[in-house]
Amino acid sequence: MDIIDRLRAVTTATLTTQMFKRGFRNVYMQGVRRLGTGHGTMVGPATTLRYIPSREDIDRLEAFADPSHPQRRAIEHTPPGHVLVEDCRGDTSAACGGEILLTRLQVRGVAGMVSDGPVRDAGPVAALAMPVFCAGAAAPLNLVAHHAVAIDEPIGCGGVAVYPGDMIVGDADGVVVIPRHLAEEVSRDALEQERLEQYLLQQIADGAALPGTYPPDAATRAAYETWRRERFGD
Amino acid sequence: MDIIDRLRAVTTATLTTQMFKRGFRNVYMQGVRRLGTGHGTMVGPATTLRYIPSREDIDRLEAFADPSHPQRRAIEHTPPGHVLVEDCRGDTSAACGGEILLTRLQVRGVAGMVSDGPVRDAGPVAALAMPVFCAGAAAPLNLVAHHAVAIDEPIGCGGVAVYPGDMIVGDADGVVVIPRHLAEEVSRDALEQERLEQYLLQQIADGAALPGTYPPDAATRAAYETWRRERFGD
Amino acid sequence: MDIIDRLRAVTTATLTTQMFKRGFRNVYMQGVRRLGTGHGTMVGPATTLRYIPSREDIDRLEAFADPSHPQRRAIEHTPPGHVLVEDCRGDTSAACGGEILLTRLQVRGVAGMVSDGPVRDAGPVAALAMPVFCAGAAAPLNLVAHHAVAIDEPIGCGGVAVYPGDMIVGDADGVVVIPRHLAEEVSRDALEQERLEQYLLQQIADGAALPGTYPPDAATRAAYETWRRERFGD
Amino acid sequence: MDIIDRLRAVTTATLTTQMFKRGFRNVYMQGVRRLGTGHGTMVGPATTLRYIPSREDIDRLEAFADPSHPQRRAIEHTPPGHVLVEDCRGDTSAACGGEILLTRLQVRGVAGMVSDGPVRDAGPVAALAMPVFCAGAAAPLNLVAHHAVAIDEPIGCGGVAVYPGDMIVGDADGVVVIPRHLAEEVSRDALEQERLEQYLLQQIADGAALPGTYPPDAATRAAYETWRRERFGD
Amino acid sequence: MDIIDRLRAVTTATLTTQMFKRGFRNVYMQGVRRLGTGHGTMVGPATTLRYIPSREDIDRLEAFADPSHPQRRAIEHTPPGHVLVEDCRGDTSAACGGEILLTRLQVRGVAGMVSDGPVRDAGPVAALAMPVFCAGAAAPLNLVAHHAVAIDEPIGCGGVAVYPGDMIVGDADGVVVIPRHLAEEVSRDALEQERLEQYLLQQIADGAALPGTYPPDAATRAAYETWRRERFGD
Amino acid sequence: MDIIDRLRAVTTATLTTQMFKRGFRNVYMQGVRRLGTGHGTMVGPATTLRYIPSREDIDRLEAFADPSHPQRRAIEHTPPGHVLVEDCRGDTSAACGGEILLTRLQVRGVAGMVSDGPVRDAGPVAALAMPVFCAGAAAPLNLVAHHAVAIDEPIGCGGVAVYPGDMIVGDADGVVVIPRHLAEEVSRDALEQERLEQYLLQQIADGAALPGTYPPDAATRAAYETWRRERFGD
């Protein structure tokens, strides 16, 4: 299993615990949730897009005629397997994108889109195969509130710093950011924690009380090690 | 197709773009979303109901014994095909209505209800055939927070001005207000935009890149015109 | 029918009306909603857990090794049939619990969990048989924001006072608190109101206008009494 | 002393207590504070002005050329001795008025202005002899956010219902609304409470402990009655 | 100099830096500011008072007749030199106290009062010799929103954990909490930092550029050591 | 008079009106107010500093040892006469700077500082000769919440787009942004509007009614022209 595979096999809840152990308390994007329900865990390195507030004389529909417009360029530029992360300053009054742009991202093999602003066409967007995490739905076009200004800069999204290349993981609980230099070790430890908790959950479901089980005492841990070897063989 | 038919065939996202072209930036109600998922696009002219904060000595249960109470009168007064729009000042602490009142609206052939406050009995209300757009669910009766004061006045709802007779359109992205004098032309241009975007989306889904396609260059536009004539014959 | 049975047969909307009649305006928890959709009405007396903000030197993962840690103790301590109510000060940045703890609650026969903070593992938690009412989902572990400090104290939750033993009722509209000394009479009157409204709703659905029906005049009330005797025989 | 004189002699804090005794819990405007510091207590009956959100095609500078524009008419219409209360829906993004309009109000002998939106020209406005209570300062003209729609309707301001003619009282703690039919008795009881608390405060400042003094026991109350007769002779 | 003296000689800004060095990021109360301007730095160990939301049948004016009512008891119980810290859950709609109670605190020699709710009688309270830090002014009595429930429990205030005995420091920037076991060393290091920054500020005011000065390089630090020995002799 | 002189002679209120005439509705920074009271109008072209959320492993005190740290570099880099504008994403939990940095800015002849975050050392900062506009006071050092990432990029501040070189104007009402290419004409028209309103205000103060005066009819305008020529001779 590589980093991506391991991160796909764990939850964002587990990742926040691993990061907390390492002194990171602010890795979860506030106000950003998955659109739709039929997706597995989203994983990929971040490509970033930064917006500032729009200005009436600059942000007109004609601006999109320029193919180098950063919003449109970001869609064509995000590498397959990456996650496009958009900094909308948490402004929920206008959409950061809609069905056509997000379909293009999907066609290009992008792993997902994350924004702390909403999307438009939320019905069809939720039905895409590519997962989208955002601040819900809003009909207004982005020009009402947003001016796309730059690609591949460090940004904030949902109150968390995102540096290009950071690993982005999203599931039903939301989105977590893992700094790229920690992705290898965090993914290993998270996978191990996930397996342990899978075992502990089974014990709890079977009637074990918390003391001795969660967190596990020496006996529970030993039983787990046996189970783990049988189950995963490593 | 008349105005209503055309507006039913377009999205609120498209309508915000058409209004933006005409200099209107604030046409989308913030914080108002559809309850339930099984409805098509809601369209109809607005009938309005205005609330102010309740007062303990006036807003008692006995107040409803008076059949001229504005909240109850609004339910009987909204013409079939209209949308009842309620100004709750964005207060989400108490409901603006529940299953009985909304069922009566539906029986009377009203096109839908919109409020920037929540509703109670949200489960059965979401299951009504008539679409309801609001600020989610809250159990408390309206008297806890609201005093219905007048019908058919200009109001605000979700931060947007609503004049009686304005065209109200709602879908999965939320609710948009089209001033009545613009409804004819906006509905025509929106339908045309919708058809173009339907075509462009297909091109994008088939692998076209954004440059040249979205927005369309001359070649794409010509191809669209051909497709359009074949498809819609007008 | 006992108190629990009667409260299971009514809605939180009806309960707020009964409490309003008695001079109580603030009985509904703001910002607390049901996770998942497949549950009936939750009813049970409150057991409480109070959190304060966490502190970096105290709230470390090692703290859970102590089986008397209040969060873990609350899970083992809440009596079967009770509802565990957690005061998270409305802070939505970190979870108050996750799948393992909530599964343990369910195994122990607890009637439900209510919190004005979010939960983690929201997908599997929503699929539990035991209903959970909270402020949505958030991945971060509780130590990021919360320090569990005490069990069975009076607390606030969602802006409402909760005294241990108060009756907690939750449905699709949210959660209502009934002071224990009022539970008997409120549950009786609520059940009666529920039956009347069930009848009135049928009249409205069949085409009756609001005046004379809602609220009912003498004729409607007489017709209801007949229906009621036939239907419920009491 | 008449109602106005008595209300000028009491604090808004005392008035909320008197209203609370009568079952009114929501009489204080949230988010509304006095601009400037050199004013006594403001008292007067309410004249109201209602705003809704502005609309780009209606709310242009040219609109003010019409002398019947409600905002301008409100300034000329508010009777001397009244308080102009403006319902800005708590929107703090644009001003509800500025130096010229408020100077005109002062020249006309109006008792004060209250708004749950901000004012512009806040420096000179704070220096007016006429007290102004609002949501602070904001430079943008009202047309950016507001459309003045009607005078002398019931409104909400700062979350409180205001009916034309209600008594408005403002001091350093903010603004309280007394329904007109209660103004006589509330002003009498408030004045009496104020005198008692003036006495109790002196006892506390002189070293009395709370028990027996605040609230007063029989001995303290008797001593107060003696003091009161000596001091006020009534 | 003892702990109290040292803490009076430093700023809350400096204290947050010292705490940050030790891994504490959340020591500053959000939304709590000093009332009035004529006070020096407030320092003292915390005595706590906890409120929950009020309930209509319990929180009546008659409740204060009981001298053991926790709010009143807290006033008589806080030791001279301590700071009374009140947990109002950040609710700004009603006051946590007023002139009479705060005057009694001052007479008793209490070092100050801190609350994340507002106070009433804000004008005279700001003029007290005893410093008060709170969420501004609000006229309504505390019973409208608050029920005082317990003294000397761990609480949250302004989003920070406060344990009885923690050292509370307040100045024009607001209020910081120092856990009691760190007060000795933090006060020493903060005083040393304060002296250094006093020197650096003078250099900057005299025209030094930031590089080499702030933070100080070896030369600046050596010059400071000389100045420090001359100035403070220790 | 040059642009700077003219802008110093007008109010931000007048500037929003001039910008509104040109189709700009969003030029005023929300939540940004002047610290202190003894300053004239601040005017200067913008130099920008952008922050993103801090990250625990990067944003340590040691980071400031690097003289190329963007926050420190921005202080040394802002040209005399410019205004340093800092994008703190409206986060009010930690300071963007304090007395030492702001004193250095003042020594360097910078025209002012603007931030949508708070400052620390707010007392001495308010007493500086250089005006500071911000979101009030907060003790925590910037590293708790902020990572300075870049200078001279387009940013948002208080919800308004700021491009380097835009003209920044601040007074008691707050801060307005004038795009650089409009500064010349807007400053001319604003000065003219200011003179007219100065005249109209005098008329109103002398007893003129609004109709005919504000807005001015032909007679008032003619009288103004006479006054204007006498007063300003141009």
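The first chain written gets the first letter, and so on, giving A, B, C, D, E and F; residue counts start at 1 in each chain.
As a convention for this text, a contact is a pair of C-beta atoms (placed from the backbone, for glycine too) under 8 Å apart; a residue touches a chain by one contact, two chains touch by 3 or more.
Since this is a predicted model, take the numbers as computed values, not measurements.
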item: Least hop count linking subunit A to subunit D through chains in contact; value: 2
item: Same vs different contact residues, subunit A with subunit B, by half of numbers used; value: different
item: Interchain centroid distance [CA atoms averaged], subunit B/subunit E, Å; value: 49
item: Geometric centre distance via CA averages, subunit C-subunit B, whole Å; value: 32
item: Intercentroid distance (Cα basis), subunit D paired with subunit C, Å; value: 39
item: Shared interface positions of subunit E, touching two or more other chains; value: 23, 25
item: Touching chain combinations (by label order); value: A-B, A-C, A-F, B-C, B-D, C-E, D-E, D-F, E-F
item: Contact footprint of subunit E on subunit C as seen in their complex; value: 23-26, 52-57, 89-90, 147, 149-150, 153-156, 159-162, 179
item: Interfacial residue positions of subunit D with respect to subunit F in the complex; value: 61, 64-65, 67, 72, 75-76, 92-93, 95, 98-101, 103-104, 107, 120-123, 136-141, 143-144
item: Subunit D residues within the subunit E interface of the complex; value: 11-13, 15-17, 20-21, 25, 27-28, 30, 33, 171-174, 176, 197, 200-201, 204-205, 207, 209-211, 214-215
